[in-house]
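Some structures are shown below for you to check.
In the two assemblies presented below, subunit A is common to both, partnered first by subunit B and then by subunit C.
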Partner chain A sequence: MKSFTYERPSSPAEAASAVAKTPNAKFIAGGTNLLDLMKLQIETPAHLVDVNGLGLDQVEPTSDGGLRIGALVRNTDLAADARVRKDYGVLSRALLAGASGQLRNKATTAGNLLQRTRCPYFYDTAQACNKREPGSGCSAIGGVSRQLGVIGTSEACIATYPGDMAVAMRVLDATVETVDATGHERKIPIADFHRLVGDKPEIDTTLRSGELITAVTLPKPVAGTHIYRKVRDRASYAYALVSVAAIIGKDGTGHVAFGGVAPRPWRVEAAEADLPRGAKAVTDRVFDGATPTHENAFKLKLAERTLGAVLTEARA
Partner chain B sequence: MVGASAAATLVAVPSAAGARPAATDAPVLAKVALTVNGERHELELDTRTTLLDAVREHIHLTGAKKGCDHGQCGACTMIVDGRRINSCLTLAVMHQDDAVMTIEGLGKPGDLHPMQAAFIKHDGYQCGFCTPGQICSGIAVLAEIKSGIPSHVSADLNATYEATQNEIRERMSGNICRCGAYSNIVEAMTEVAGRQA
Partner chain C sequence: MKFDTPAGTNPIDRLKVVGKATDRIDGPFKTTGTAPYANDWHDPQAKLAYGVVVSAGIAKGRIAAMDLGAAKAAPGVVTVVTAETAGKLGKGKMNTAKLLGGPEIEHYHQAVAVVVAETFEQARAAAALVKVTYTSEKGSFDLSAAMDGATDPGDVQGSPSGTAVGDFAGAFASAPVKLDQRYATPDHAHAMMEPHASVASWDGDKVTVWTSNQMIGWGVRDLALTLDVPKEKVRLVSPFVGGGFGGKLFLRSEALLAALGARAAGRPVKVALTRPQMFNNTTHRPATLQRIRIGATREGTITAIGHESWSGDLAGGGPEASVMQTRLLYAAPNRMTALRLAVLDLPEGNAMRAPGEAPGLMALEIAMDEMAEKLGLDPVRFREINDTQVDPEKPERPFSQRSLVACLHQGAERFGWAKRAAKPGQVRDGRWLVGMGVAAAFRNNMVLKSAARVRLDGNGIVTVETDMTEIGNGSYTIIGQTAAEMMGVTLDKVVVRLGDSDFPVSSGSGGQFGANSSTSGVYAACMKLREAVAGKLGFNSADAVFEDGQVHSGNRVVPLAQAAAGGDLVAEDAIEFGDLDKTHQQSTFGAHFVEVGVDVATAEIRVRRMLAVCASGRILNPKSARSQVIGGMTMGVGAALMEELTVDKTRGYFVNHDLAGYEVPVHADIPHQEVVFLNEVDPMSSPMKAKGVGELGICGVGAAVANAIYNATGVRVRDYPITLDKLLDGMPEAA
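And then the complex of A and B:
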């Protein structure tokens, strides 16, 4: 690990200012992803701004019947929150499908949104990776790609966003709230938060330098059966090959997003009109234009079948 | 240490240098007071020191183990402010004033914690390397179940939860045992939870 200086600011704006004015500075919250990457020298911040003392750890009702989740609410607490369990079951389920108990106790809501890809070529510093070293190439293309993306990828990068929580937040139409060094606040719809790869795979999100996530808000609950179904190589503690976050109504209509397939939670709202016609009608549209590799083309069929299982479960 | 880390840098830095501002190799020291098993320790540590390394190398409590050092194996599990965490994935400087509990604080020979006694009774280990983490995790898992925290295998999110075999296995998935003592660990935890195996 490279050495770094460390500070504990006393307000969100002060934290944002500290990161904006210090070269190569980063926020640290739970640290479960950042420290892992720092040990491998994939992340090499010269300065860490510890935001753990800033509060931002409450789940509160909003005036329009939704919930405001503080950036530092731990994954365990969010999954166990009585309102989330009752009204946003897909979010509880997604959180509980991710990581291990120890990690969920540390990992935060904001940090989970910002976790970096688990592409093995991103992690292996001996390999070319445009996300880790812009311009160095992509060893994943033509390499071992079973786990990697099938849509929203580019010739520069086929890595996926690895998380579960954000897939549920995408289907819930969440909004990410931020503050910057000048105290300016911004609301970013979750649909616009994670970037498509394009030719800049090193930039995962639309956050600006020094911009600090303060909360994630959820609109008022959507009625229906909330389901998060995750398919992975182990029964527990593994990243998704494919996951489905869904809210399905009694009449078979609803909303659906997919994880494990793209550089961001993948949702095509227009395809949701086809939900009453069954899984294939939906996934044909959701994955229109997919460019899988020969090793991960199975994910297209797997997505269809996983959604099929979700629709069956919703009818039961 | 500085020399070793500088030497490693010469080997490890990729050729496409200049893409990011380089961090320096000069250690940065910070004062931190850690409370471990009820005892306060005033330390001056390199900011890079993880909670695990602080406890093992500076406070000399070597019960918690460094297995993978990446949060994958659970051998480093400690209970901090009542919650189990991977002590390898957190910095010591981030734990000023926190209450850290390690395996050494749970019990002693002749005065074992019930979970320690149950692990012995049920052969919940072979080589023992993962055991301190398993026991810390096992105690925390039963507390999590009691306090109403659901898991991936809980059928109903709005019910209360019990320490069934299925729940224990899912909740313990962050603790790896290469000797494969899993079924005996489940038996030990089941006994402490007051259920029939």
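And then the complex of A and C:
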């Protein structure tokens, strides 16, 4: 870990300003990902702006019948929130499928959106990785890739966004709210929040420098059966090989997003019209143009079968 | 004490303390954080400095240049030691690659420097500033590609690399029912909770190292050899080991680098490997490729059995001896085994829990299941038909005890094996396809010389000192139980001190030889102490009975403590084993039964029930023995379902070098585990009549899981770990 300076601002705008004006500064909230990366010198911030004291830790109803989730609401609290459990079950289930109880106690809503990939080459500073060191190359292409992306990847990077919470938020059409150093507020649809890698895999999101997430809002609840199905090699404490976040109505229509397959939660709205026709019709469209490696091609079949299981569960 | 004739009745047979399910006496220290692990040690008299290991970023080649300027100039840095500055270094007998590399690099993450600083954080920051440029060389990293160039490794730990009895080729060719299959097991990491850690402190030319090591004697020898100093100048202290599984049998880099760093810094230095370094800097269980051929009559009698195994290691290393159990487990007049070793430039391979048998049985016991199906026989029955009571390669050698069939029968009964559907893919429980599997467990019982010192004081307290180690297995408790039984006192009157090279040399912990060997050493020392006590009290030692804190003889009863009224009585002895393990084959046996569910859509595999029935001599402490077995069963599930060091075959290293990437079972993966010990005593083994059990628990589990998966799904996977992607293509059509 490299030495760094540290401050605790007193307002969101002040926090944003502190990061914007200090070279190589980062926000820190729960620290469950950032601190690990700093110990390995994968992240090397010179300055940390600790946002834990800023409040932003409430879950409140919005005027249009939705929920506004403060950026610093801990994963444990969000998963246990009675309104979330009742009206946004897919989100509660996704949260509980992630990490461990101890980590969820620390991890925040905003931090979870910003967690970085688990590609093994990203985690080894002796290896080339365009996401960690732009222009150095991608060791995963032609390397070990079973866990990595099958769609939305590029010739520069095949890493995935590894989280669960954002996959549920994607199917819920959440909006990420931010503030910048000038106090300007912005609403970013979750669909636009995580970037496709393209030729700049080092940039994970569309946040601008110094822009601070203050909340995530959910629109009013969508009726239907809320399911989050995470498939992995062990029963807990592992990243998804494939996950499915779905809200399925009684008539078989609904919404679905996939995790563990792409650099962002993967949803193709146009394919959802095919849900009443069954899983294959949907995944054929959702994964149209996929470019899996020989090690992770199984994820396409797994995604189809997992969605099939979700539809079966919704019908039951 | 020489143990060269079968044990007769002795004081241990009273079983007043030994054989009782006893809480571990070190438990309260561990749960309250007062058991000092290696990284907890410090010398309050001297100012401790911290070392961080710099490890190589290539697999094979040479250091072209090393720039230490920035690191040396970094805040708090005391010294930097490299191969260039370390002075003349030798190599330990148990090490293949150098523990401090350079200029030649032999494997990825081989240590190339230790940076010592005032604080850990300063050392870690400075270590990242060491700039090393390498000249890479092409290496060999792919076992399947290297297989054809593999050679005969010669004798392996005193056994030949190959054996042949009868006419295997002819008998196999003419067998009416036969199987010829290939199996693969991947490289495994010990993945113990406590990373390698050491604190070294020099006093003149003598070094003391507080470390985490299973084998104190080997560690002293190899550190002395590596530092090129007499072994009298080395003291190792390791009272608690936070998991080893064979990964801490040997001197490793952090202990050497702590000693070198401390010598250069002129003050004590603490070094711990980081978690990412644990996977490529240390040793691992090597991957195997195995071929098994079994020929049998239509009635199920095996007429020919052949087992070949290929593994790789650095030049000068050894093979994974995964054919050893096949020499002993089943009868057959015609048989062959062979080990082949390829040179690979991956990190160093070596022992991990049940080396040889664990991966060997993962293959052999699938093959037995496949063969039973070909024969239309129940897998339990097929194993029973082919049981043997003598070494099948040397029929003049009987087994000292062999209750494999009893384990299988009792297990089948308890597990409800009769309900298993012989045809796979038939049982459904909601979204789960359900199957049952069985496998035999087999692990040899090794015995090693082991010494101890016992002291009786005027308060009647018996203190045992031996360099035996506590690796989470319960050594403190069974050694205490042994001394209490021998001296006729309760366990609270016994103090046990372990893991210090100032104490008599024990067997150490490994190969499941520790419990039986080390308690036998304590038995020997206690026999001597009993003689001293009897002499002091004027008893004929043959008549004296040690019981309830007293010594009885005829009508006379004297408190034990009285013998030490005039000063402590001390006795030291070692158990040395004769040739009973040559005249008799000493092994431990068991049967593993497993039920799994496989999700019909996603092919996720979840273990639902597990049972192990074990026959492994006298059980010294049923509570800690059960813990050993369920730990082995858990590790077996890991090997079956998820554990794999993933090799980057271009760059030559294990890519998944952290505990997020190298998955081991979590609590949610492990269902209820039942363990049954058959009531066995083995007088051929030792005066304790005990045998090993800690590694029996893992042996066969992987195959039992694999066989259960096959029974559930009809998909046979012969390439571990059995992950869902290997099942998907064979699963029923999605609903």
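Following the convention adopted for this analysis, the second predicted complex is superposed on the first by the 316 of 316 C-alpha atoms of A that agree within 3 Å, B and C clash if a C-alpha of one lies under 4 Å from a C-alpha of the other, contacts with A are read in each partner's own complex, and residues count from 1 in each chain.
Keep this in mind: a residue touches a chain if its C-beta (ideal position, glycine included) is under 8 Å from a C-beta of that chain, and two chains touch if they have at least 3 such contacts.
Fair warning: this is a prediction, and the values are worked out from it, not measured in the lab.
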item: Partner chain(s) touched by A:M1 [first = subunit B, second = subunit C, both, neither]; value: both
item: First, second, both or neither for A:H194, with subunit B first and subunit C second; value: neither
item: Which of subunit B and subunit C A:Q102 touches, first, second, both or neither; value: first
item: First, second, both or neither for A:T76, with subunit B first and subunit C second; value: first
item: Touching partner for A:Q41 - first (subunit B), second (subunit C), both, neither; value: both
item: Partner chain in contact with A:P120 - subunit B first, subunit C second, else both or neither; value: second
item: Partner chain in contact with A:R267 - subunit B first, subunit C second, else both or neither; value: neither
item: Interface residues of subunit A shared between complexes with subunit B and subunit C; value: 1-3, 39, 41, 235-237
item: Complex contacts: residues of subunit B adjacent to subunit A; value: 5, 12, 14, 16, 19-28, 30, 46-48, 50, 69-71, 74, 77, 83-86, 89-91, 93-94, 137, 140-141, 144, 148-152, 154, 157-158, 169-175
item: Subunit C partner contacts - residues on subunit A that touch it in the complex; value: 1-3, 39-41, 118, 120-121, 123-124, 126-127, 139, 142-144, 146, 229, 231-239, 241, 279, 298, 301-302, 304-306, 308-309, 312
item: Subunit A - residues contacting subunit B, complex; value: 1-6, 23-24, 28, 31-32, 35-36, 39, 41, 44-46, 48, 50, 52, 76, 79-80, 85-86, 89, 92-93, 96-97, 99-103, 105-106, 125, 133-136, 235-237
item: Residues on subunit C engaged by subunit A in the complex (per definition of touch); value: 57-58, 75, 121, 124-125, 128, 276, 431, 599, 601-604, 606, 641-642, 646-648, 650-651, 655-658, 660-661, 663, 665-669, 721, 723-725, 728-729, 731, 734-735
